[in-house]
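Okay, so here's the structure we're looking at.
Going by the order they are written in, the chains are A, B, C and D; count residues from 1 in each one.
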Amino acid sequence: VSASRSDGRIRAGIVGGTGYTGAELLRLLAQHPAVDLVAITSRGVAGTPVDRLFPSLRGRVGLTFVEPSAAHFERCDVVFFATPHGVAMSQARELLAAGVRIIDLAADFRMRDAAEFERWYKLPHSCPDLLSEAVYGLPETAREAIGRARIIAMPGCYPTSVLLGLLPLARLERDSHGRAGVVDWDGIVADCKSGVSGAGRKAELELLAAEVSDNFRAYGLAGHRHQPEIEQQLRAATGRSVQITFVPHLVPMVRGIHSTLYVRLESASGQDLQQLYERCYRDEPFVDVMPAGSCPDTRSVRGSNVARIAVHQPSRNRAIVLVVEDNLMKGAAGQAVQAMNIAFGQPEVQGLTQMALLP
Amino acid sequence: VSASRSDGRIRAGIVGGTGYTGAELLRLLAQHPAVDLVAITSRGVAGTPVDRLFPSLRGRVGLTFVEPSAAHFERCDVVFFATPHGVAMSQARELLAAGVRIIDLAADFRMRDAAEFERWYKLPHSCPDLLSEAVYGLPETAREAIGRARIIAMPGCYPTSVLLGLLPLARLERDSHGRAGVVDWDGIVADCKSGVSGAGRKAELELLAAEVSDNFRAYGLAGHRHQPEIEQQLRAATGRSVQITFVPHLVPMVRGIHSTLYVRLESASGQDLQQLYERCYRDEPFVDVMPAGSCPDTRSVRGSNVARIAVHQPSRNRAIVLVVEDNLMKGAAGQAVQAMNIAFGQPEVQGLTQMALLP
Amino acid sequence: VSASRSDGRIRAGIVGGTGYTGAELLRLLAQHPAVDLVAITSRGVAGTPVDRLFPSLRGRVGLTFVEPSAAHFERCDVVFFATPHGVAMSQARELLAAGVRIIDLAADFRMRDAAEFERWYKLPHSCPDLLSEAVYGLPETAREAIGRARIIAMPGCYPTSVLLGLLPLARLERDSHGRAGVVDWDGIVADCKSGVSGAGRKAELELLAAEVSDNFRAYGLAGHRHQPEIEQQLRAATGRSVQITFVPHLVPMVRGIHSTLYVRLESASGQDLQQLYERCYRDEPFVDVMPAGSCPDTRSVRGSNVARIAVHQPSRNRAIVLVVEDNLMKGAAGQAVQAMNIAFGQPEVQGLTQMALLP
Amino acid sequence: VSASRSDGRIRAGIVGGTGYTGAELLRLLAQHPAVDLVAITSRGVAGTPVDRLFPSLRGRVGLTFVEPSAAHFERCDVVFFATPHGVAMSQARELLAAGVRIIDLAADFRMRDAAEFERWYKLPHSCPDLLSEAVYGLPETAREAIGRARIIAMPGCYPTSVLLGLLPLARLERDSHGRAGVVDWDGIVADCKSGVSGAGRKAELELLAAEVSDNFRAYGLAGHRHQPEIEQQLRAATGRSVQITFVPHLVPMVRGIHSTLYVRLESASGQDLQQLYERCYRDEPFVDVMPAGSCPDTRSVRGSNVARIAVHQPSRNRAIVLVVEDNLMKGAAGQAVQAMNIAFGQPEVQGLTQMALLP
């Protein structure tokens, strides 16, 4: 099942292409050498040419938004959901039946547990039986499963950065087989900062330029949906109880996530963290471990699918991990295309070699 | 009529205080030594304390938004309308009957001609008979009339900057009594740039931070409502036909308007423009003519009621005038308080001496 | 000694007024009803009118920058140092001898211990004997001492926000007299974010708009000078060993600091933190404890001397404290004027009632 | 001479690669399928790996900056000068002698007339005899000449946008053979706005983020070097006298130029301007004429080599042309690579198909 149906090309559809994630998917898929973009849906603007909404795509994307009913996604090899939560699960069964793979950029298939999903997203889950089949699409942890998956649940933007930042420690923990313990997994602090495109293209007062510009604030202190997602993945990776203190902040910029991760090291194992991180990500095409002492900036990944990581150890029992990613690329659309490449047996970096725009 | 009703204090009400102009009025009136803020209305958030919407006012404004019906504005000496167009005219007659003065920051009373208003604002005018009574509240041109007015129509943000920039030339023109002609009044180009707070506090996609930031564009090319307002005032000031080419642009900043005015000088009168401007504004408390050769920046007036002007003459028959103002201050709320001071016989600068925030 | 020399007015001088802190001091002192601004020095631009450098001060500040030798600060009641580190200590003795009080906005007198100063600032301290006399000028902890001080060492911008955020817990700790312990003082994480004006007005590549805009990064991971300052003050306040993990970040905005403080509560004392904070700051004119559940934004204090604090307790043994301040006001010049008011027996809020500019 | 020396690949060198134009050239050439990047020089940081200065290039550019003497540019087919003015002319003769083509992104070879160059750039020209040979590298006007040129003088960022915006009118003028006259070429107003990367990567106070952010201002009123360049090209294109009023402004954004061009139409020729522009640019790969009524925004070309143009005709005898470009791409490095492609007989769009980053 790892190739497209016929001629080696991947026929792709997009549900809900009027948001920023949709626009970024369009940018990537329009340039992807192995993809034919077949249809894109939007209830709100059906009939509008895509390049009228996004003039940056003029001359590059000839599609017009269509009503969902007119999309005929059964022709596709893969359908991306760049929709609010709850849409993908409502269409999943039908698409799977038609042999179409699903890559969901929303949260419908991220949680293992339907009850957990319903608690955080205030929605009943319409196909809980499919949850166990869905693969959490972080290539760095699930490359093989992605290759076989029918449903790929793309990680949230914050979780991607936090998980990539903690993965080397999680593996060290797992490999320690419950001996002394490497990290205090109940004491992780993830202080995360995101540009405003992460909030989506929604007409809300608090996202106005006059509200966001020259301003900085935290939000989601009462509980952010990405927290259980991160904890679930870290529990799976470490085999331990994990409780994370996660505080997201809104930065007056467009793209970019910067996660500052504070870790208490339980044992003085003498582990060289720099080495650990470099070794862990040596073969990863989209994770860049910076030289010791670095402070990566978000613009160094703006528009690219790379996450850059720096690890610091200010004292024997403290580690600070800095992670930057472009929330629309490695944090969303880029990683989704990476997963698609894996799922269809394409070179993983295909269509994803854009270099960051600096300055 | 130029004093408050009784004790020398001015009882003020605000209609529609949830926008940026309303917030700025609150900031100014709360600090004004002669004003008692009596009531503020909002249909949408009646019952909400003002400082919950605007935490910057915590400890300084104790009011709660009320329904219009509960405002009892008849107790007031003056009511400010910081509303969408069309609200002030619907309440004007009743307030005037109660002896309340009206300061309208919207456009209801800006045009002399009801038909012109209706053409540009797509609204029937509900009290055209009051138009001739209303005073266009630019203190630099109408100080005395403001002192006697029952209805003060505050100028738009762009018109304030354009008119202040051209007023010295308009007066020169008027004083030339139709001789040779000073300026080609059909050839004025006003290339204006505004920060995003000028568009108001409205939940619209195109005002989102992710749309506006790191971006620049023109708008309103099909005709902007401030154009007939500018032309009407210039015609009145010069006694000539005036046709202006006016293009507004949106700048990725919060506050500030920068108008670049291109003028063709008809006659080589040898007039020293720097001197002309300095003389014209010598006694104005809120217009600052910069030294020759200057380029004022918008931040030099951020949060203050001052407009700064520089005049350049690149060649014998060309002048370029640069004007900066804070669109919420001299361009709206600040100028409205200035008009109130005049109307109630207070010192004109009272409550308006805030210095610009730089940087 | 708590009044000015003669007529009730305070004659003030400024050393080094060409930076952002200097400009802010000028803005405040020019509007202060009890202050006469006597002289301002700058080696680099001596002879230049102050308002040529800062057009926002046109019409409000008539001074010209002078060489240090021409300032005749012995005429002053107080001299503010808005200079690089090392300048204040070189002039302190002479000014004190002339009966002039010193308010230093740099770090010369912040550390109790000359060796500690020299280690972090790489400068020999030229008057270590004065260190014990100097008062750390945080009004909320040292109001009375400030009133008597000849040398006031103004806190750094980050330390002000971190200390105000932890002070209620520190007092609780101190009052617990070493019983169980309230907070894990070795485990505090201070994740701080600052606008770029905090870095000063220096021609450095990394502070260019094209480097900073639409970008976010951490810095100072190798050790920031504000860390020992914070630890010194917290040790003094708690009587305990304190080790803080402090990571500053650069936000693409001009003004504002947001400190996110992560605290491990040692004992489940059942203490209501919201109540604790409100009680602690009940009488403080410039510290605003927000309602439970709030997330203060930096713009709510932009241009004002207020710090706003929100305290959250996500679980029984975790607290998160959010603090915002304007780094140039409560974090520097505003707090310095507050200290001056105290030192000279003036009302503490005099000249400091500016309301925040929002938006 | 239109191919590379041997194997069909183009060996390229860069002089002065530490600025933003240099960084953008690196981004483009590193991804260009036909280019081998041979050497890059910098006096200031020789010995530093390129990706230490620009972490966005990590894993993509393996070069280290070298001293000019160590570059051995004689091995190259082409050398790009991304330097201050005056460098290219000092090395031109030697490189030409070695058979190396020169693409200069500075101004050394832009003016036809050495005296004009010296007047505006305050530098004696060291090889005036080469001026007549140099080709002004705007592909839309000089494609064939570029193909044969040994020295290509890349247009300035502002001139590119202004010239592309006026070229259709200039051609109409030229084709009218001196009859009535199409446009008042002495009355063109070019009100141009640029992001701050256009000012280069220089440690100057006025380019600091705290100076530029949330601020807007004009500059260069006393005469900007791009004005004679624009006039020279328009004179050549129209065969008429041309005098332009050109005012550049600084926008608080990183990339992008927006030129608003005000044109007086002399004759009411009935010419449909929309049609004229569409026809003129029909076959141009990097000029996009927007639909009638459009207002292009700068972000629609951010990171791409496209210029987008909209033409408006508010009245019978007025035209307004809006042009956007990325100042580092079509305004500098992108256009330079486009010229290289032409010069070496490569497909013109090769390596230049990046789509704009939106948002």
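Basically, a contact is a pair of C-beta atoms (placed from the backbone, for glycine too) under 8 Å apart; a residue touches a chain by one contact, two chains touch by 3 or more.
This one's a predicted model, so the numbers in the text were calculated from it and none came from an experiment.
Student: For B-C, find its twin among A-B, A-D or C-D: the pair where over half of the contact pairs carry the same residue numbers.
Tutor: Repeated interface of B-C: A-D.
Student: Between A-C and A-D, which chain pair is linked by more C-beta pairs in contact?
Tutor: Looking at A-C and A-D side by side, A-C shows more C-beta contacts.
Student: Between chain A and chain B, what's the gap in Å when you average each chain's C-alpha atoms?
Tutor: Averaging C-alpha atoms per chain gives centres 47 Å apart.
Student: Roughly how far is chain A from chain C, going centre to centre by Cα mean, in whole Å?
Tutor: Going by mean C-alpha positions, chain A sits 40 Å from chain C.
Student: List the centre-to-centre spacing of chain A and chain D in whole Å, with centres computed as mean CA coordinates.
Tutor: Distance between chain centres, rounded to whole Å: 37 Å.
Student: Can you list the chain C residues in contact with two or more other chains?
Tutor: As it turns out, chain C has residues touching two or more other chains at 20, 195, 197, 201, 210-211, 213-214, 252-255, 296-297, 299, 302, 359.
Student: Within their complex, state which residues of chain B touch chain C.
Tutor: 20, 23, 27, 30-31, 54-60, 197, 201, 213-214, 254-255, 288, 290, 294, 296-297, 299-304, 306, 308, 353-359
Student: Of all residues in chain A, which touch chain C in the complex?
Tutor: Residues in contact with chain C: 187, 189, 191, 193, 195, 210-211, 213-219, 221-223, 243, 245, 247, 249, 251-256, 258, 260, 262, 264, 293, 295-299, 302, 312, 314-315, 318, 320, 322, 324, 359.
Student: Name, in rising order, each residue of chain B that touches chain A in their complex.
Tutor: 20, 195-197, 199, 201-205, 207-214, 252-254
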